[in-house]
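Letters A, B, C and D name the chains as they come in the text, with residue numbers starting at 1 for each one.
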Amino acid sequence: MKNKHLFTPCLENKVFRDPIHGYIHVNQQIIYDLIACNSFQRLRRIKQLGATFIVYPTAEHTRFSHCLGVYEIARRIVSENEKVAQSLSEEEKIYVMIAGLLHDIGHGPFSHCFERITGINHERVCDDIFLKDTDIHQVLESYSPGLSKIIASIIDHTYPKKLCWQIISSQLDADRMDYLLRDAYFTGTKYGEFDLERILRTLRVYENSLVVKASGIYAVEDYLMARFHMFWQVYYHVNIRIFEQMLIALTNRIHELDKQEEDEFNYFDKLIKPDNIDLDLYLSFDDGSMFELFKKLVHHKDKVLADLSYRLLNRDLFKEYPYSEENLETLRQRAIQNQEDPNYYILIDSSNFNATRPYISNGKQKINILLNDGSIKEFSQVSSIMKSLSKANETHEPYIFAPRQD
Amino acid sequence: MKNKHLFTPCLENKVFRDPIHGYIHVNQQIIYDLIACNSFQRLRRIKQLGATFIVYPTAEHTRFSHCLGVYEIARRIVSENEKVAQSLSEEEKIYVMIAGLLHDIGHGPFSHCFERITGINHERVCDDIFLKDTDIHQVLESYSPGLSKIIASIIDHTYPKKLCWQIISSQLDADRMDYLLRDAYFTGTKYGEFDLERILRTLRVYENSLVVKASGIYAVEDYLMARFHMFWQVYYHVNIRIFEQMLIALTNRIHELDKQEEDEFNYFDKLIKPDNIDLDLYLSFDDGSMFELFKKLVHHKDKVLADLSYRLLNRDLFKEYPYSEENLETLRQRAIQNQEDPNYYILIDSSNFNATRPYISNGKQKINILLNDGSIKEFSQVSSIMKSLSKANETHEPYIFAPRQD
Amino acid sequence: MKNKHLFTPCLENKVFRDPIHGYIHVNQQIIYDLIACNSFQRLRRIKQLGATFIVYPTAEHTRFSHCLGVYEIARRIVSENEKVAQSLSEEEKIYVMIAGLLHDIGHGPFSHCFERITGINHERVCDDIFLKDTDIHQVLESYSPGLSKIIASIIDHTYPKKLCWQIISSQLDADRMDYLLRDAYFTGTKYGEFDLERILRTLRVYENSLVVKASGIYAVEDYLMARFHMFWQVYYHVNIRIFEQMLIALTNRIHELDKQEEDEFNYFDKLIKPDNIDLDLYLSFDDGSMFELFKKLVHHKDKVLADLSYRLLNRDLFKEYPYSEENLETLRQRAIQNQEDPNYYILIDSSNFNATRPYISNGKQKINILLNDGSIKEFSQVSSIMKSLSKANETHEPYIFAPRQD
Amino acid sequence: MKNKHLFTPCLENKVFRDPIHGYIHVNQQIIYDLIACNSFQRLRRIKQLGATFIVYPTAEHTRFSHCLGVYEIARRIVSENEKVAQSLSEEEKIYVMIAGLLHDIGHGPFSHCFERITGINHERVCDDIFLKDTDIHQVLESYSPGLSKIIASIIDHTYPKKLCWQIISSQLDADRMDYLLRDAYFTGTKYGEFDLERILRTLRVYENSLVVKASGIYAVEDYLMARFHMFWQVYYHVNIRIFEQMLIALTNRIHELDKQEEDEFNYFDKLIKPDNIDLDLYLSFDDGSMFELFKKLVHHKDKVLADLSYRLLNRDLFKEYPYSEENLETLRQRAIQNQEDPNYYILIDSSNFNATRPYISNGKQKINILLNDGSIKEFSQVSSIMKSLSKANETHEPYIFAPRQD
């Protein structure tokens, strides 16, 4: 295709069927070409919710469909919401759609857990994908030289016009709106449901910033409560935290062995040296690779490796015990008796529960409400519910994770 | 049918199709016979949400289907929830189902608004229906002499075993669970959705009282938030409050005229002399009667009556103005200028917003949670969200309702 | 408002919440003004499915919300479907929306049954509403002189451009698409569901006529099967047919008495002299009026009238008996014995089952499919399923309806 | 656990959240232990719909959740449907639940396609899993010696009591009912929806065989139409057929190379020698293994292998061309010109479309209807729709699949 540019339409409008949005509409050729990139297709092989499938058996949906969903919400905001549409140039509308589509392009398997394993920040990978010579970079530059940097700057919030990245990433953004609805649908819970249509209708722009009309307050409260409940019922489910801690323990063991002797894990090991990411390798690594690794390690001569891999592969998980010095000591004694190295068999839950606060009124990304008189108030000033909730202080006793006692 | 008793099964199990519960199952003949009573069939002609249809055009569902729904939830609680089933005698299970079915039998059209119009408390009518010689009374007594009093005592909370009426009427009861789901479905809002199945599964009995297992906390939070949002988005919608105030004004006008002279409204008027309820008349009065009355009054020689009736019939509603002495004075001047009697054309919103508090921790009907260690805590002690919310103080400026200015 | 015209936008875009379409969007002031007409508001008091509530207790939705739904589908077809949009002038788009909104404006209570009672064809009433001096007529003419006639001609299929009325009334039209989805939703059945979005996306225009792209074939098959099943499971349910026959019997009795003597039913009676419709009276007559009439007639001295009214009011329905000469004779004997006039107590089911054929390939309103090669084929030529079904011949034994024997 | 037997209850009733059934209830310890088997857990790594995700991005649900769903429907049939419950011994009820749970235990990745690749019949693998010394076999025998054979005989239809296997596998069985609803939900299509509750309620037993009460006819028609539409819109989507043909071509190439020389593919190769299944290897092979294989083969020196693997990995699919001698010749010429071996680059679609007939009245597994008079009729004798459809003859031109021409 010659003379292709940002606005080149698809030869034929393309749609994807999607249970959350009905159809996902692709009208520009650049969007179509980005979806076709191997780096993007690979997101089909990375589950959106990592290990959540061990608790919710149907939570098998992928980052691929989530990214399409974020794109779709972004597309609707910039094209259907009049006030937003008027505040963006035609180029910026496409930028926002692309940023929505690609915001998760840097993710690896088991997502945030993988970051902790490898020390690789997915945002750094994301930057590499945009700026190094990848298929994504090539497509972007082929349509508009310099586009890669623009998209990267929207994703890392350095793009000058705040509105552009707020649509993708803020307290009330296309990313969260898609994942709450999607995760609720695919887990079969009802906690994540809220009124997307109403929120989209009540978005407004005030001083180049995304705000919500007063009539959208209840829909936003509902959305924040949905998020809050999803955290507690799904995202922070104790068994998922156990799976993740066990996976971290497994990786620590690989590092440990690696120090001791030259080893055959160089495939996985290359990944986990953060100062030297092999991008091609990273992009070839997905959920399936992880499970293939477990299958191999099950036969490893090191018993810790073999056992932890077996447990992760076959869902033979540790159990949670309330944290106390006494419990810790008892479990340690038992571990030693069973010849289980406490470094790998006594794990401490270290979830960051602050993330679950339903809404943080003094954060950088507070939600602002546009009142009927044209003035602006921070959300917790107009919602007594959120005012109360922003002070809520969930304190949680940490757990010890250790093998189940028969 | 000879020798019929509380447990006489239906000849053939009867089911009603229902969008909320799939099917509503009737297995006992007494339930079937109660549903067939004229006094119960009449609930088909009374909308569950009174004037709400003027804002949500599809809110046309009736007390009839709601009552079936409450019965169905009550039936499931007493038969499917093991702990509850073990705490009730077989007779009490039937009592609870009947009380669920009949809890709203005393309602008239436009419900709470009608009570204010007529001065007739629907609970008093309810008592009359049980204890006087009505079809309902006859059916109950024919199955088990004295049954009417038992059911009446469950409905008015004087039945000795608390658990029996808590299932029908408490902070977390079959009534509210049905109406939230039903009202959400028929208005087409999503605010009222919550996880009924999970709540039903986590109900427990503690010292003869209904409590919720700790694992049901999030479902209960969701349910309380649903209720809260339904209040603000549906039940307390300003246009519905306007309709109701106008209806009260209309009735006041009828009283006023009645005092002045003998009048032809004796049909409606008999109803509104609370010291002397004509039960047959009451039971013949439904939403349709109300609208027929409006149609007649449109032609009345009294202009206030004719105009208000016309407006209620044809949805020509007043408008809300923020309450202030200044606004009040301006609107009064205008009314006088337009020859509109301020008693009927300047109405003050008097909604009781306290009812909308999501949860009141110090009330008689607080929700108790059964912790994993077997102890009990009041809900707001274990839900920091509800702790915050129970202190939330929604203050609302009252409105003035007056004709729209062109 | 001065200088108002067809395209005058609403001051503020108006939306109605609706469970089927999410929101119904009103953007033109003329649409808003038509909805505000008393003749249209009255549709709030006429149930979409007449007596169906006696079988499906939640089938309480009204012609008002259905008409809004047809308008909304029509609006989407003329504005979102590119091919249709290109085939219509801007004026015609508004015409089609108005015709969708008003297509049922002539309906009375219990719909088709009412027509048989009164001899009044609802299409004739519809014409009167457009062309006589009604509120609807006035609004239409105030925006564009002559508009009433145009809308009437779209509704009666005499408007020259076929496409305009095909969108509202054909084998695959906004009317049917809305009522199938709406009736399924409000009855709580699943038979009426089909993929509206896909059908809307695959509509095309071929020689000024509405056709469906080949990729929409399965969605159309689904829609036709949905319609077929709704007929058998909902619309033609035997108890509804019984209710309707009993209502017809009641009306016949009124006529009969009327012939014999001067009578007090002139209110209802004026309606049922088809040569002289009192339009104001007709427009004031709704479901509620019907039930008020039953309530009065219950006390009538004529026993047939009183009994049939009682039965209709309190759902004490006849029962169906298979039609046979033998059954007929037995039932007649019993009726005579019970002093029940066989003219009113032995009713013959006379439903027209031909209407339930899923699809009639040789009718005037066949569905045409646009093949990928640009050619057109009649639906049953490309769908072997429909080819088979168009020949299906459901034969049904008629029933006798008579009082239940105890 | 000592003295464990078929009816040993779970210590605590276990539930799985599931969007199709709400909750899946596990009450017996044997069911719980079977789910915990590695051979069963492995089904979490095999997608229910194989390559369908390339067309419907959210079709990522697994055989694991499907098997739980079939178990749940079977459990409800044998425990909630009175007539079925009365026809089975308590042991048989557990057998049926187990058979439902394990009916797909023999499946490999890409399911039916995998069978064609490997020549391994999944039913044969299934038999091996039951009868050889696997974890499944051990659990079954530990609860009741001889149980493995019983379950195997239910799954292969040799168990003497027909009813037991009809619940799992017939024209109207738990398997199909679950997969239609599940596949519809996870693809986001509406074609697969039908009224499960009604079918479950109308199942009856007649001469030890599963039949449907007359009042369930429409629900069954709906179910058969759902199945029919799912075949055409989802299961037989042309792009999925292309993916599968390409996968078969890839495997053929591996065989071909294997014949020519000793090769490094022995991992995969061992699998595809049907006379000598390595069961452990088979059970370790899942969707992820397949994609890992593609990733490796991309770098293979054989260009056909490398190219086909690349295409399958990155969704660079062939395109369909109508089958004709002329097209075939043209495509062959082009292939030769492009140095593409026609054996791997010109593929002929060979789908068996007979499978899509909505209902085959003369098959072994016809559906029988129990009429109100107690007699039995074959389904197409009472449903004129199905009578017509059973004769429907969908003829489809085959396709040629070849690389897309730019």
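Simple rule for what comes next: a residue touches a chain if its C-beta (ideal position, glycine included) is under 8 Å from a C-beta of that chain, and two chains touch if they have at least 3 such contacts.
Not measured: the values here are computed from a predicted model.
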- By label, the chains that touch chain A as well as chain D are B, C
- Could you compare the number of C-beta pairs in contact for B-D with that for A-B and name the larger? A-B
- Averaged-CA centre spacing for the pair chain D and chain B, given as whole angstrom: 49
- Task: List the centre-to-centre spacing of chain A and chain B in whole Å, with centres computed as mean CA coordinates.
- Result: 44
- Message: Multi-chain contacts only, two chains or more: what residues does chain B have there?
- Response: 22, 189
- Task: Quick one: which bits of chain B touch chain D in the complex? Just the residue numbers, please.
- Result: 15, 22-23, 197, 201
- Note on the structure: Within the complex, chain A is touched by chain B residues 189-191, 193-195, 218, 221-222, 225, 228-229, 232-233, 358, 384-385, 387-389, 391-394
- Message: Which stretch or stretches of chain D touch chain A in the complex?
- Response: 16-20, 22, 36, 38, 41, 44-45, 47, 53, 56-58, 60-62, 64-65, 68, 185-189, 284, 286-289, 291-292, 295, 313-315
